[in-house]
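Below are two complexes that have chain A in common, paired first with chain B and then with chain C.
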Partner chain A sequence: MRRARSITWLALPVALVLAAAGCGSGGDTNSAGSGGESGTVSIYGTEPKATLLPANTTELGGNKAVSALYVGLLAYRPEDAKPYNLMADSIKTSDAKVFDITIKKGWKFHDGSEVKAKNYVDAWNYGAYAPNAQQAASFFENIQGYADVNPPKEGDKPTAQTMSGLKVLGDYEFQVTLNAPFSVFQTKLGFSAFYPLPDAFFKDPKGFADKPIGNGPMKFVSRTPNADIKLTRFDDYQGENKVHFKDLDIKIYSSQEAAYSDLLAGNLDFMEALPPNAKVADKYKADLGDHVLTTHLLGISTIAIPYYVPGYNNLDLRKAISLAIDRDKITKTVLNGSYVPADGWISSGIEGYQPDVCGEWCKFDPAKAKDYFQKSGFTGKLTIASNADGGRKEPLEAACASIAQTLGVSCEFVPSTNFGAFRQLADSHQFTGMSRMDWSADYPSIEDFLTPIYRTGGSSNDSLYSNPEFDKLLAQADATADKDAAIKIYQQAHALLAKDLPSVPVWDEKGIGGFSKNLKAAKLNFQRQAEISEFRL
Partner chain B sequence: MGRYILRRFLQLIPVFFGTTFIIYTLVWAIPTDPFAGKCGQRPCPASYIEVMRAKFNLGDPLIVQYFKYLGRLLTGDFGETFAGLSVGKLISTAYPVTVRLALIAVLIEAVIGIGAGVLTGLRNKGFLDNLVLVSTLFLISLPVFVTGFVLQIVLGVQWHLISPTVSRAATFGELIVPGFVLGSLSMAYVARLTRTSIAENRHADFVRTAIAKGQPTKRVVGIHLLRNSVIPVLTLLGTDLGALMGGAIVTEGVFNINGIGGQIFRGIQDKEGVLVTGIVTLLVLVYLLASLLVDLLYAVLDPRIRYD
Partner chain C sequence: MTEPSELQLSEAPPGGLTRQGSLWGDAWRELRRKPRFVISAAIILVVLLMAVVPSLFTSVDPNFADLDHSRALPSGDAWFGYDLQGRNLFARTVYGTRASLIVGVTSALLTVLIGSVIGIVAGYYGKWLDSLLSRFGDIFAGMPFVLGAIVILTTLNAPTSNPSQTRIIVQVVLSIAVLSWPVAMRIMRSATLVAKQLDYVKAARGLGASPFRIIFRHLLPNTLAPVMVYATIAVGAFIGAEATLAFLGIGLRPPVVSWGVMISDSSNYVRTVPHMLLFPAAFVTITVLAFVMLGDAVRDALDPKSR
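Let's turn to the complex of A and B:
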């Protein structure tokens, strides 16, 4: 009798806990409501690392809000990443140096003021001007007069406030002059740094950051740091990519795993990437069924072999390393099929992509690899450096193991504590071995895979690769106004990389995302983002 | 008593300066440039880095930076993060959530832990005793994230009893399961500690006297036995309150709770010295106040204890 009573006592608090927990789920404010045009869609988000200004947003977390709040002259089609005129009425050039741009009339900012040519010019000048410290300032570097507002040398003061290459010609027309012909400039205009800003911004930039006013399909409602960013439909939006729901709730998560649980429980509607634990043994396919999304990301993963590391400026060694990596096996096993083997330095989704540019060097061939390794005369240890978080470590360890096994050399993965520490080594050229070099395109152009990484002095040329012939081809392509002709020359430059192997292409990521049962349809675009106009409740 | 409290409060002042300085220095001793990975695969423009360094006084020697920070802190300004958010505002949204979570955890520890400890301590050996011993051993051996994920997936995704993550409001109801997860480890320790303590004191002279006087069992256990046995448990619970607030990183991550654990973690990763120092300083104060409270409670439980 006594015993029975005491067990009841112990059980009581447990029962209370469960009962109260049951009530807790009632507090959930989210999940798509009534459906149709008036419903709410919630998407996975991460805390923005900078203010929500177009020219200050260089990472995905902030870009989710920025790309819904603002639109630019161009947008990219979600299917094939082809640019099309969105706010631009026409963009004309004869020499790829002077661009005449007219914009459509009647478009409005969320505060009711009209979007005019000067909103573009002012926004770009603001973004480029050094004291404004915008993270994407260097995207304006092609425009004439950029060096006057943002001197390349640290410590120099800018000599002008505005770029001489920007001229307002009327309410709806402006002219852009570049410092040298650059045929890809037009494609670049869809990048978020080139979005316009309203007059209200220039009156009070500080207050604006707390309550941004854009010209995009969604307008700002509220933001709670580390919790959510709420947006709602802007009914006066004129563009073709209108949204078909009312409210967008960007929910901030500290881990993808937690978000994935919410996705399965229907508390979250969209994730553009899935956590590693969902990819093991294709668990996500069973969990999500036909609500899995795939896309072609415009990115490429390579292993850089820096030229400044002693002994690494050796073509035979580069060949041996590339031949020794079993790309097929690693993408299928370690990477669970979410990547495919790379066959060049350009993502296969990009216009101008040609298959097999890397050719024989990107095919696993142990015998040939050994031959080249012997020829190279390399002795010592090989290493691959990367930040270890975010699933970076496992595939690189597998690549290292593949190299070690094939060449009979010791190979080691060298982790950095986080991305910042890793980039610091890259920026200051302090790698002591190979390193991860993953690139995702800022704008869908073959040029964006070549110039930044492999041109002499390129912004992300961390390996210090330099080939005058390659630079000459790029310059020639930049100056070719005809787009198709330019692509042909870029392709020639791309082919040159297979001769020098400045880095070793390894894999090409397939984007895998998912959406909840609250949504009928969703689309993932090449920038690994939700195409919000494609959401259907 | 009054003088004792005053003395303890005065002790807070050097502790405050010491911790802020140590933490500020430690965060900046992490050998990474905070702006190295900020702009993705490209290095940040020189103009951006220059302005940010000037804004956050990063060009100054560390000691000057610290005093500039301290000066602002004393006027109530916690500073700004690199993303331009006010640290004061971040703390004021995150702190209440963590306090609620920690309180629930401590409450669960105290109620279930002491309850189970008393029941088993009074009657060692037997089914109930073994049950508690085995289940606490089970909880002690499980890492917190396992308990967290299992409860989240079973209760949240499969049975739909709770929402798998906690909403922005983070009400008491929603925090019960995360609180249980957070407190589960200490709950097991509390149960075992109470059990041992009770079992020891059960044969003490004052308990026998009380029984011999013919007092009802309820009074013997509730007043005489429990009050004397609970002192070590109280020490554990008091220090645990502070530990739970700072140590909730894992639980907060699993249930996506916008608390200070996650803020500290992100702050350290991004080298947000101002954010980390602000939060940790407040944590230290909470810790000190909690231990002061525990010290004062000793006297309430055991009148023989005097402060002077």
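Let's turn to the complex of A and C:
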């Protein structure tokens, strides 16, 4: 009796496993077999850090769902990141300070209510109001009255609930007034923080978080924490970026390696990034064949040379360092061709990008590097600091070796255990040498590569670089309403950086993703996300 | 083991007749005949030579990187191939010996030193002092090694600090010793408890010899053997511990070259550049094995019962 029972106990889990396996393979054949407009697409996901509200989502995990659930005034073309009007009918301004915005009629939220101008204004006011503690609140900082709803000093009580710069002019028209002229504001409007929210949200914000209602091409079905988020097509969607499948399944993985095996096995359809061990020696190319996706990303990697470190505020030394890095070889070997050498401080996919702004200083030239190093009179040890995880260590170690061997100086890579510790050093200006400065732009504009990092007092100006002439050009460009004219002035500012070399441009990342054999086509956009309207089963 | 004195007496005459054979002298004669001892001693000698004069084995700078050779396979020029950064793996493995061995040997010495002193004091004085010291040792013995080392090393080095190389080596050695001394202490304590009951020790005490004299003249020679065996095995174990800590990113770090640092470097590339892992890992394994084998051989030689 005893033995028999133990066998049945053993048999039960086995049966469960078999059933689960049967389910899994059954599901796959469905998605692959039925195909066409009624199939399911599953994409790689990570657990969202917060509720699925537009202004509370600043990380990739949540943004995958939010960007499918909601749409805003503008969208960006996946190829070149150029903004185009999506829900906006027109956005007019004469002075880059007051913007008149009209929206298209007949667009609906998933609950059937129409999207009106006040849905935008209410959502922006909610996002900016400090007590709501929305992650992306600072995106509204250019709007007049932001300081009243979100005081600059933490802990201060806001003196108003709404921003004075936002005015509803009609059902389909509203006006935005900024603190100061800012020509790039229009480009920012495609970012998820600027999406509208339905009236249902303001009635019951808590309940809404469990079952969000948006105005995008997909509507919410269910969310199981740490397992999946399920969305389905919203058939009343009016935009041009409609989807061509029925259900979207965002599967949550804790490791990229596991997701990658699922991708190869056909249990997952799309990944926007591949794990480091798949990139070594181009393994992914053999694995995925013509199902590899590449894209331009809005980022640039530089090595910052802090002005506050004694001995480093030396133009000849900065030139010597820049000339001593063999960018070409490092991107091809250590970085496995997933990066290309940088030739300026702006990512190559951006409107207003000019080739070779860095010019001769970004080309490997050992003889010239030695000359400048001798001129600089620097003695001692060079260091490059960075967090060592996530494959950050290897390319910087290689850069350090390149500098050391070219200049005949000792160069050391200084690891921080994690990104948080590394940022702590950067924010408190405690670097003792060079540091990694990888910038990822929030919105596709040349301005976002210059102002935050190099303007005096900029939010990410970790090196404490300051050039009055550079600041003046930026202010002038910000106040220029005509977009093309503004870009020209930003380009002049960009060119100034090549004279000062406040940081050394090193490489520019190519986004590499992949899709499974269940899909016929897919596209990766510059934000390192799937362009869901481009999925074809 | 209840009456070790008798055992020793009955076994002693065969050697004792020809020559005044001490325990150590007997052991040495016994060891020389054992292939296990000869092989492990030879390996250890080679490894020691590598640590002291690495330039005898290779003329290549272990930190010189040539990206043209990145990930190159073993060849006539570079017996172990090149790593991702294009550094010669053979040169790195040879130069890595020193740091790994320094950590292994010094932490074993320190462990035995702390453990022996506390163990002999606890064993000789006994009573409440024994209980106190034994429980104190249990606190450290109860802590899982890796967890304890992580706590110690991350507390000593704030994540934002950039400690110097010597400081890290000293810290790694100290944290290994702090977490491992109870083992040496227990071995020493039990050996002391046995030796304390020997007749001549009792006699010495009866004649009024000072505790200091009794411990050093009479107890220590009788208790040193088992601790020495443990120390030999511990050198191997601690070389492995150094590799573990370096792999976790809290032990030694570049530009110091050690086997642990090399294994840590290779962790992301196991599938595509396996030789980056295989060679340093093989050196760790062989060296650890050699020390463990040596310890085994020494124990057998020192234990008269096995003869």
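Brief remarks follow.
In this text, the second predicted complex is superposed on the first by the 504 of 537 C-alpha atoms of A that agree within 3 Å, B and C clash if a C-alpha of one lies under 4 Å from a C-alpha of the other, contacts with A are read in each partner's own complex, and residues count from 1 in each chain.
Following the convention adopted for this analysis, a contact is a pair of C-beta atoms (placed from the backbone, for glycine too) under 8 Å apart; a residue touches a chain by one contact, two chains touch by 3 or more.
Remember, it's a predicted structure, so these values are computed and weren't measured experimentally.
Looking at the shared chain after the overlay, A:456 reaches neither chain B nor chain C. By the touch criterion defined above, A:414 lies against chain C but remains apart from chain B after alignment on the C-alpha atoms of chain A. Residue contacts after overlaying the shared chain place A:59 against chain B, while chain C stays out of touching range.
Within the superposed three-chain model, A:397 lies in touch with chain C and out of touch with chain B [touch as defined at top].
Look at A:424: by the touch rule set out above, it reaches both chain B and chain C. Once the two complexes are laid over each other on the shared chain, residue contacts for A:150 go to chain B alone; chain C is not touched.
In the superposition on chain A, A:131 makes contact with chain B only, while chain C stays out of contact range.
More residues of chain A are in touch with B than with the other of chain B and chain C. Note: residues 417-418, 420-421, 424 of chain A belong to the chain B contact set and to the chain C contact set alike, using the contact criterion stated above.
Every residue of chain B that touches chain A in the complex is listed here, in rising order: 31-34, 36-48, 50-52, 82-85, 89-90, 93-94, 108, 111-112, 115-116, 119, 123, 126-128, 132, 149, 152-153, 155-157, 160-165, 167-169, 171, 173-177, 180, 252-256, 258, 262-263, 265-266, 269-271. By the touch rule above, chain C contacts chain A in their complex via residues 63-65, 67-68, 70-71, 84-86, 154, 159-160, 162, 249-250, 253-255, 268-273. Per the touch definition, chain A reaches chain C in the complex via residues 276-277, 280-281, 283, 326, 329-330, 333-334, 383, 385, 388, 391, 394, 397-398, 401-402, 405, 412-418, 420-421, 424-425, 428, 430, 432. Chain A meets chain B in the complex at residues 3, 6-7, 9-10, 13-14, 17-18, 20-30, 47-51, 58-59, 130-138, 150, 152-155, 209, 224-228, 252-255, 257-259, 261-262, 264-265, 267, 417-424, 427, 438-440, 452, 459-460.
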